[in-house]
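Let me give you the structure first, and then I'll get to my questions.
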Amino acid sequence: MAEFKRIGVLTGGGDCPGLNAVIRAVVKTAAGNGIEVWGMRNGFGGLVENQLEALAVSSVSGILPRGGTILGTTNRDNPFNYRLHKEDEVVYADLSGQALANLAAKGIEALVVIGGDGTLRIGAEFGQLGLPVIGVPKTIDNDIPGTERTFGFDTAVSVATDALDRLHTTAESHHRVMVLEVMGRYAGWIALHSGLAGGADCILIPEIPYNLAAVNAKITERRANGKLFSIIVVAEGARPLQGKMVGVKAAEGSSESIRLGGIGEKLARDIERLTGVESRCTVLGHLQRGGSPTPFDRVLATRYGVAAVECLLTGQTGCMVALQANRIVTLALADIAGKPGNVPVEGDLVADARAINICFGD
Amino acid sequence: MAEFKRIGVLTGGGDCPGLNAVIRAVVKTAAGNGIEVWGMRNGFGGLVENQLEALAVSSVSGILPRGGTILGTTNRDNPFNYRLHKEDEVVYADLSGQALANLAAKGIEALVVIGGDGTLRIGAEFGQLGLPVIGVPKTIDNDIPGTERTFGFDTAVSVATDALDRLHTTAESHHRVMVLEVMGRYAGWIALHSGLAGGADCILIPEIPYNLAAVNAKITERRANGKLFSIIVVAEGARPLQGKMVGVKAAEGSSESIRLGGIGEKLARDIERLTGVESRCTVLGHLQRGGSPTPFDRVLATRYGVAAVECLLTGQTGCMVALQANRIVTLALADIAGKPGNVPVEGDLVADARAINICFGD
Amino acid sequence: MAEFKRIGVLTGGGDCPGLNAVIRAVVKTAAGNGIEVWGMRNGFGGLVENQLEALAVSSVSGILPRGGTILGTTNRDNPFNYRLHKEDEVVYADLSGQALANLAAKGIEALVVIGGDGTLRIGAEFGQLGLPVIGVPKTIDNDIPGTERTFGFDTAVSVATDALDRLHTTAESHHRVMVLEVMGRYAGWIALHSGLAGGADCILIPEIPYNLAAVNAKITERRANGKLFSIIVVAEGARPLQGKMVGVKAAEGSSESIRLGGIGEKLARDIERLTGVESRCTVLGHLQRGGSPTPFDRVLATRYGVAAVECLLTGQTGCMVALQANRIVTLALADIAGKPGNVPVEGDLVADARAINICFGD
Amino acid sequence: MAEFKRIGVLTGGGDCPGLNAVIRAVVKTAAGNGIEVWGMRNGFGGLVENQLEALAVSSVSGILPRGGTILGTTNRDNPFNYRLHKEDEVVYADLSGQALANLAAKGIEALVVIGGDGTLRIGAEFGQLGLPVIGVPKTIDNDIPGTERTFGFDTAVSVATDALDRLHTTAESHHRVMVLEVMGRYAGWIALHSGLAGGADCILIPEIPYNLAAVNAKITERRANGKLFSIIVVAEGARPLQGKMVGVKAAEGSSESIRLGGIGEKLARDIERLTGVESRCTVLGHLQRGGSPTPFDRVLATRYGVAAVECLLTGQTGCMVALQANRIVTLALADIAGKPGNVPVEGDLVADARAINICFGD
């Protein structure tokens, strides 16, 4: 049994429903074991800048149903390569020593790091410097290998499914094709789950490059069968079989330009042009990241928070908590970092979708 | 007491939550008075094309909570100037006589027309040809004069407010400016109500041209007071004080290009450029039009449907039903058509918003 | 223009969605006019016990979407007849002087009182002692005369309608009668609105004593028409035409016993016994009072809060703010107190419900 | 590869969100394999009474998001012991032969049975008579062994968690104890999950008999720490350590009497009496069973429906589909029937709840 008197917690990367539930569970579980918890403001940046604050049990009262993170977050700062502004110039420096010194000054002996791939990797680096670190995987995209679910994903799927339910009525009333663009730059989990739940006719994901002709054939076949409308869910990172990624500002080549509603709008325009069926696109964007987490995500996030502290108590470090077959397990952080967590193209879920005649554009 | 044996009903214009509730109330009220109801498919187009179907009470069972319209709708067809395809050419013809003949052939003696400005105007024209017509105002934009509320508006405001609640958590967690673009090409009602309900810091509406410097000053002032995030609601038709309307594809000059997320995206980019604060935009789009109506809209739509039939029973025609001080009243269709129903710039609601320090960018 | 430096605000009576929105608007509007706001804890009790706290604009940040009241509330304490515990005995004393002294000691010159009939009446009494008092009507029951809507009502109707939507699927699948008991001890507004919005077949309200035989006839008639299920909404205060009020513990004669699911359960049992159709009851209870207010209620509550402060600024006192034809108006508190705000039995809304064949059991 | 031309499907037992999603997936998957599907009305009763209807793909269009079952259901009829009314008498007879004859007459060669423990057991009996049968487990209680989740459960937990969120604001505003009684006659899964998700202070489940003194001590301890309110979730089947089960009508001894809000009301009364803290109870009842399924349940139900047909295609029969580690697997029906699927008292989830200081009353 390891003994800690004081541990730290931080949230990094994009906003995600359930972050507060993890923080709350960390603080409550620690308190039950006589451990104090300190929070860092705004991810690793706050650790470098020494923005630390004690988190009492009363600090986390009432935050379970709230979206966002009471600690603030950012997806920018890396202490090992820290951006500094020096006389009109941006320079980068390794300030990991500063970060460790800030922890030591407060007597903080271990760190719970809640974040996505980038944040967990930084956590792993601190682990290699001797700091006991536990990772809690966070991504609404569900694309972290080794865990069946990341928290926030169920909420994102709920928002997307609610949107599909709404678009259905308009599609039916107007005999239109309605395209919904959802998150998923590299992995199509949100598109796949919400497409199944929302009764989509086509689901286009990064893992399965699509053929526009196949999509149009699906729409035309439905109309031939008296179904005058169609619903398409497309992950922001989906791409056509031929040619390259498209986006409103694709010329600039930045991934950001694609985030801004590129693929869905293009798809709707192309479908309308080629099939003659009125087509419209909606880009869900940030709505998928915010707001109160679903009960599923609240429970999962709470279990992760409890498990993270229990890892420290049992002397495990350098690991990430994960969900497997309804149980919380631990995986070595080093084994995870940088590996993709894509939708298996030959997997059950894709096969199930095909069985009920959903088209993947291939 | 006028006597009708058979009346017709149609829905025209864009999808709007509550259309089915009106249809249901029309059918049920008519049935209670021994009147048969026939529906036209897809608005006035179906009337010209003779796509009529009898609507029994059983036909409307279960449709109250459903979005969309079981009759289908379109915002294109005008019998007085009907688009026809003749040998590769599009020609326009007055087919209002055909429409009246179709009604006469089925013994349909009067028409309940559910739609927006354009649809109601066509209804009024048929009224001038002697057909008893009752209009039911439909627009999620709430911009029909003479009625305190149009059905569908409350649902649209709910969707927009829910989006603002979600964006709040991301804005707070990331210290960002979040811009939400909502519907309202000419009237800012959705932006104003959802902005008040969702705790927006700035509300930009078509009726009050905005000064970008005033918006930025608001954001900067909030940051000076420790509020690192700001929430902005912008109606799609809002425009800056100087210069003309902007949009991603403004060069094309079509109003459609602006509908596609123009103003919100531009605003977010400009704010980020000028204030240095990370800014993001979400365009709600069609999500505002679809899905199950709120209870408020279901009740209002039901009352409109009842009142429409009762107008016919009491011999009123050429009128529109409207809500005033919790009562359903009637207004002459001719008095309404073409008049704007804008947000009064000096009105109570804008003043109330200003009283709690909401910025309109002026 | 009256000049105040410091005003107080309190919430009294039962929990109601929108209370926080009023408090927020009072504080923000006051701040904009250079006025400080102090809150009393737990209604008039906190005023007597001198539990006052300053409310800065930052104190009300983020509370707009939250249910409940940050000030706490109670429906017990009346300073003019204050319950005291003296040596195992409960005695009552007039401590209104103490209350006024507490205000004076803090320099609080006027009071915004948010509450129902009882709370507003106490406010009026303080007004007669010379304290400038503005009332903000609060009751989810919507039964305050002179205002078209009280805030919280729309939220309660939403919760009840959502429940009816859910019960519909079970009723249909099981061919059952489902009874939903909603709030409304004296007024049937919630039952009437949610019944209209939720597609109820019978609506039973206190204003229209019901005949069980008429209810059963409706159910039987529906089954004869192939509708094997029926939905009934009953206000907790509805009562049969013959005989007296019934409840599980009616023998005790307390109104409380009726609150505890009396009428709905009895109705379900009686219907099943007399018609042979399986019948079930659900009592919504406190779910109607809690949780995030709907956008409608947030806007209305905000407008009330703004108006209350503006009344003080313009020298009006002893009045209540109210909604009439979309505008906020003021009414003399003295004119309101004790008057009922019942559903007009011959009014439009009941007539509309009858027009679509809803049965009131009469 | 087994070859079927025509299969049947039925739903038995209580209403459950997701039933329609299973039916839809069965029909769509079958259609994709050239198999016709016939539905039986109202469970096994319809099979005996020969109420069969063909289900085309168009029959299941639009039912994915709808609660209930388009086939109707009942929790009464058992063909092996069928209730008959003979001259004022109720007699029971084995009509399983009649049921098989009805299937044979229509050429229906196999059966997908969607239901709970009782329904699956009847399915297994038909399997022993040679009929190929696949079971799809259905219970909102999640208490079927061998599967990590039953569909409908996630929806029930969502409804219960939403209720807890609402009760929280009232509890806080009024400094009350709020008790929520949820479903779970034998298993406490709904109480446990919703209690974790809704921030309950005490969770009382059938698997852990509770000591009222421990519950009261928790409430008192919270008040000593300045938390004047408490939230308790109690499963309808929870029972005190000492004494027997209690209910409003416990004297009658029927399990039904307990379902009707017994334990929660009693608990609230006892807590108020013993601690002096105002306490209120809400019984969720049927609201947990109805309404649109969550996306999680829609996906799970769809996968079950697909898997059921695929089992038949691959020649598996006499089995039940189940979820294990994100995959759909099959289990022998005979192994499942009659076994309990209780919350493991020493399991992870209970331990996690204890870690964040939730009290189980033991």
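What to note about this one:
A, B, C and D label the chains in the order they appear, each numbered from 1.
Definition applied: contacts are C-beta pairs under 8 Å (C-beta built on N, C-alpha and C of every residue); 3 or more make two chains touch, one makes a residue touch a chain.
Going by UniProt, the chains are A, B, C, D = ATP-dependent 6-phosphofructokinase.
Remember, predicted model here, so these are calculated numbers, not experimental data.
Chains touching both chain A and chain D: none. The chains in contact with chain C and with chain D alike: there are none. Chain centres here are means of the Cα atoms, and by that rule the chain farthest away from chain A is C.
Chain B and chain C have Cα centroids lying 31 Å from one another.
One inter-chain figure worth recording: chain A and chain C are separated by 41 Å, centre to centre, where each centre is the mean of the chain's CA atoms.
With centres set at the average Cα position, the gap from chain A to chain B is 35 Å. For chain D, residues that reach two or more other chains under the stated contact definition are 165. Chain B contributes residues 24-25, 28-29, 31-32, 58, 61-62, 64-65, 148, 154, 157-158, 160-161, 165, 193-194, 196-199, 226-227, 292, 294-296, 298-299, 302-303, 306-307, 309-310, 324-328, 348-349, 352, 355-357 to its touches with chain C in the complex. Put simply, chain D touches chain C in their complex at residues 11, 14-15, 17, 19, 42, 66-69, 72-74, 159, 162-163, 165-170, 172-175, 178, 248, 260-261, 265, 280-283, 285-287, 289-291.
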